[in-house]
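What follows is a single structure, written as structure tokens, with notes after it.
Labels run A, B and C following the written order; every chain starts at residue 1.
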Amino acid sequence: MAGFDAARALAQYDPGKLTIATVCSHSSLQIFHGARREGFRTLGICKGKPPRYYDAFPLGKPDAFFPVHEYADLLDHAEELRARNVVIIPHGSFVEYMGTDNYEKLQVPTYGNRHVLPWESDRVRSRQWLVGAGIRMPEVIEDPKDINRPCIVKYMGAKGGRGFFIARNYEEFKKRIDSTAKYHIQEFVLGTRYYIHYFHSPLTGDGYTLPGGGSLQMLGVDRRDESIIDEAHRLGSIYELEEMGIQPSFVVTGNFPLVMRESLLGEALDMGARVVAKAEELFGGLWGPFCLETVITDKLQFKVFEISARIVAGTNPYITGSPYSDLIAPELSTGRRIAQELALATKLGALGRVCT
Amino acid sequence: MAGFDAARALAQYDPGKLTIATVCSHSSLQIFHGARREGFRTLGICKGKPPRYYDAFPLGKPDAFFPVHEYADLLDHAEELRARNVVIIPHGSFVEYMGTDNYEKLQVPTYGNRHVLPWESDRVRSRQWLVGAGIRMPEVIEDPKDINRPCIVKYMGAKGGRGFFIARNYEEFKKRIDSTAKYHIQEFVLGTRYYIHYFHSPLTGDGYTLPGGGSLQMLGVDRRDESIIDEAHRLGSIYELEEMGIQPSFVVTGNFPLVMRESLLGEALDMGARVVAKAEELFGGLWGPFCLETVITDKLQFKVFEISARIVAGTNPYITGSPYSDLIAPELSTGRRIAQELALATKLGALGRVCT
Amino acid sequence: MAGFDAARALAQYDPGKLTIATVCSHSSLQIFHGARREGFRTLGICKGKPPRYYDAFPLGKPDAFFPVHEYADLLDHAEELRARNVVIIPHGSFVEYMGTDNYEKLQVPTYGNRHVLPWESDRVRSRQWLVGAGIRMPEVIEDPKDINRPCIVKYMGAKGGRGFFIARNYEEFKKRIDSTAKYHIQEFVLGTRYYIHYFHSPLTGDGYTLPGGGSLQMLGVDRRDESIIDEAHRLGSIYELEEMGIQPSFVVTGNFPLVMRESLLGEALDMGARVVAKAEELFGGLWGPFCLETVITDKLQFKVFEISARIVAGTNPYITGSPYSDLIAPELSTGRRIAQELALATKLGALGRVCT
């Protein structure tokens, strides 16, 4: 993005030949499926040979593949991708595989605001953003000696659900900590987890409108399924497991569909709206799909433990619609909603407004 | 209802302008969505300003709102509501917000049998009803000294999933009880929970017919998701949590879709049929949507711990159909089924038969 | 099958009057629903009077019933069934109710390869098959003295989720074992369970093609819901329950829909393909629906603890499609996919290729 003018690049595009591209993983079946339904060409970026699994899911298979040796090589192919009228839809694995720096540098129009990245990936800044938006978050404990309730301790740079542990007090902390590593401590919030899928369009003025313009949708809710923690109870409590030498881990393996109480929808939407408003103030905005990862306490309060500023894999149960998107339009996935937005932006001549 | 003749009131209605109304919460999006699909006008009753969340779900938004200062004020607006050809669809929050007494007094035609309320809300009478229908229920323990297996102790008047505790013996009971409060003790049934959504129509004579007339459907099954109990195991067993000063709570935050073994469907339907038959005997019947809240033991027996005599929020995962309703008709939610029943009743001149 | 030539029997059939039959349980609503959608006649085999529950689910009700006194009596009705152009769709309960021996002897064309049965039901041979296909399985512990991590001990011939226990070491094994019974010990794999629904067609050459011919689909994923183990944590850890005299049981009561990480789909399909290839080598093939019952560890590795060589009840949440089948064709259940395959086989004159 540094020095990259997406609007200028898009001005050279043939609007009738826009190609939706993403990395072949995460939610790409959904993204390609949605893009196809809206009439777009699709391109699957892959490392090495095109993966075979798309053959089993023909409606989610891209029209063509774009194999690279390393994802970072995409930087060198920017011109070619632009020549093919490519708009990139980033997902969590896309950003992870490319690396934050490369992702920011990629000279190809990318749907969404890439300026969100430093705010999302840095714990201090993301808290500033969310708390600044009036969102309740789990408390941070600065000094392990202050652990006076169940806490989750996360090692810095821990990836993919490992490198966490739970401590109820300083003794447990000392017992479990790897003293050579940097860590971060926050309150373990008791409740039930709801991952809320939003979509913010700055281009539409109907529906749930926002003070800063545009409108907000809520397309679904899921719960992540994490190995081993979510089925560890079949063998014993996490303390009994510890006695067997087994530490809980939190590696996402899939997602469950679910719905939340209707009486919480007002607050859910309002949280989304506040997060969008604060993003506008801090770094130019947040649009397209995003997700607030919440715990609902037994006082029916949301606590948000993380934000994802793009499509989450938790939307994958809803390829042909969720109980929420069914109240908006038939068979509306997040992937399809993205494609609709790009179609609208094309029609309005506003692609430069929604890509960076 | 006291002194209110719904049939007489309905005789004054313009049958082509029937308006389906409910309180803006719980399952109202589904009720309005279903009503719209069957061509009805819809009216959202709300306390204060109309809630904004409907703007995000246009297919579930009522045509108009009916704001009141307090829900009890509805009593004073009965004439106006009748003049607008309103039929009220009660849901759990409707009854809770208005209060049982006011709900019973409301002089507006209400779908379903309001005479069920004293039988449903009173523990002794509901047990008389269900056990009288041959339903297996958890055992009641009269004297806490007799606690000889895991029991759930519920404080009288406890609301919304708090005010419960678990005790395995008298010692645990004594340790946990708030001796100033009244309580009720019943066996904690081990197994898996299935909340079965039924619909009884006294107006249709095909399908799964009942001896007393009409027919029974099973439109879906869900499981309630309760905070903190359903994810508490991520932090430890409930006994380990107690050592941390944390008591389990059972506050419903949402619902999961699921299906039960096909071999249990016969018994599930039969239970529903027996509950309807007994209701006819005891208080004039039970029709429309209702729910049996069951545990399936590892002997594949149902134990029913509660009945809800109207639409439950557990139907919300199924806005466009469940794996069960898909075997009846496409895209059939409970909300839509209610609207179909009112359309049929209108056609048959039988609105007075299904409203009280 | 012994001495039964399905192809020869099918040569006498009126291909325009093929009748799809199964036993009235398990996944029969789905099988009949799918068969009806593809235009087949349907026949419900039942013990005694036809079950009433089909009346509540008209789109899953068979056109006719075939009542028998005992399921084994079907052997004597083979000629009549063949005269009615019956093809049997076996499901888990079908095989269980008839008994393996009778099922093998039944002189009626049966969809799928009945030669799989001895390989599937015998622990040693199924391991030979799966491990031979390069599938990772839980380790077997031959001597209980070697139990050095959590293990699951299963009594021989234990049925329906009872007759299991968990032991972490030899002491626990000795404490819990019924020394009069035969048993089998294997590692308890920690992780999250995914039951993957495959469909192998030897008749189609597009999609995810296999080296041995034909193609493979993945139609869905579910998780079994087991009483009491899956909700036992609400009362305490399994060790705390043991102190109350309660042993965990694993009786399947239903199924949840879910999805897995997209990055695991490649391996999931590849496992299915290898299992099919090995089946061809060992016993003439595996086609139609089958299921690998897996645990995904926190290293994102699959471990397969069982195979089902026919339709599983875990497909029942997906009567009108799953998030995976929605990427293949609209409203495609496994039951419907079976019917489509029989329609194709009829058209190609290849019924004898897919029935035994």
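The working rule: contacts are C-beta pairs under 8 Å (C-beta built on N, C-alpha and C of every residue); 3 or more make two chains touch, one makes a residue touch a chain.
Just so it is clear, the model here is predicted, and its values are computed rather than measured.
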Checklist entry - Which is it for copies chain A and chain B: same residues on both faces, with over half shared, or different residues? => result different
Checklist outcome for this item: If CA atoms of chain A are superposed on chain C, the rotation in degrees (nearest 5) amounts to 120
Next on the checklist: Averaging over Cα atoms per chain, report the distance between chain A and chain B in Å.
Outcome noted: 35
Next on the checklist: By the touch rule stated above, which residues of chain C touch at least two different other chains?
Outcome noted: 230, 232-233, 237, 240, 256-257
Checklist entry - For chain A, which residues count as touching chain C in their complex? => result 25-29, 33, 51-53, 55-60, 93, 161-162, 225-228, 230-237, 240, 244, 246, 249, 251-257, 313, 316-320
Item to check | Residue ranges of chain A in contact with chain B within the complex | outcome: 149-150, 166, 168, 188, 190-194, 207-209, 216-218, 221, 229-230, 232-233, 237-240, 248, 256-266, 268-270, 296-300, 321, 323-324, 326-330
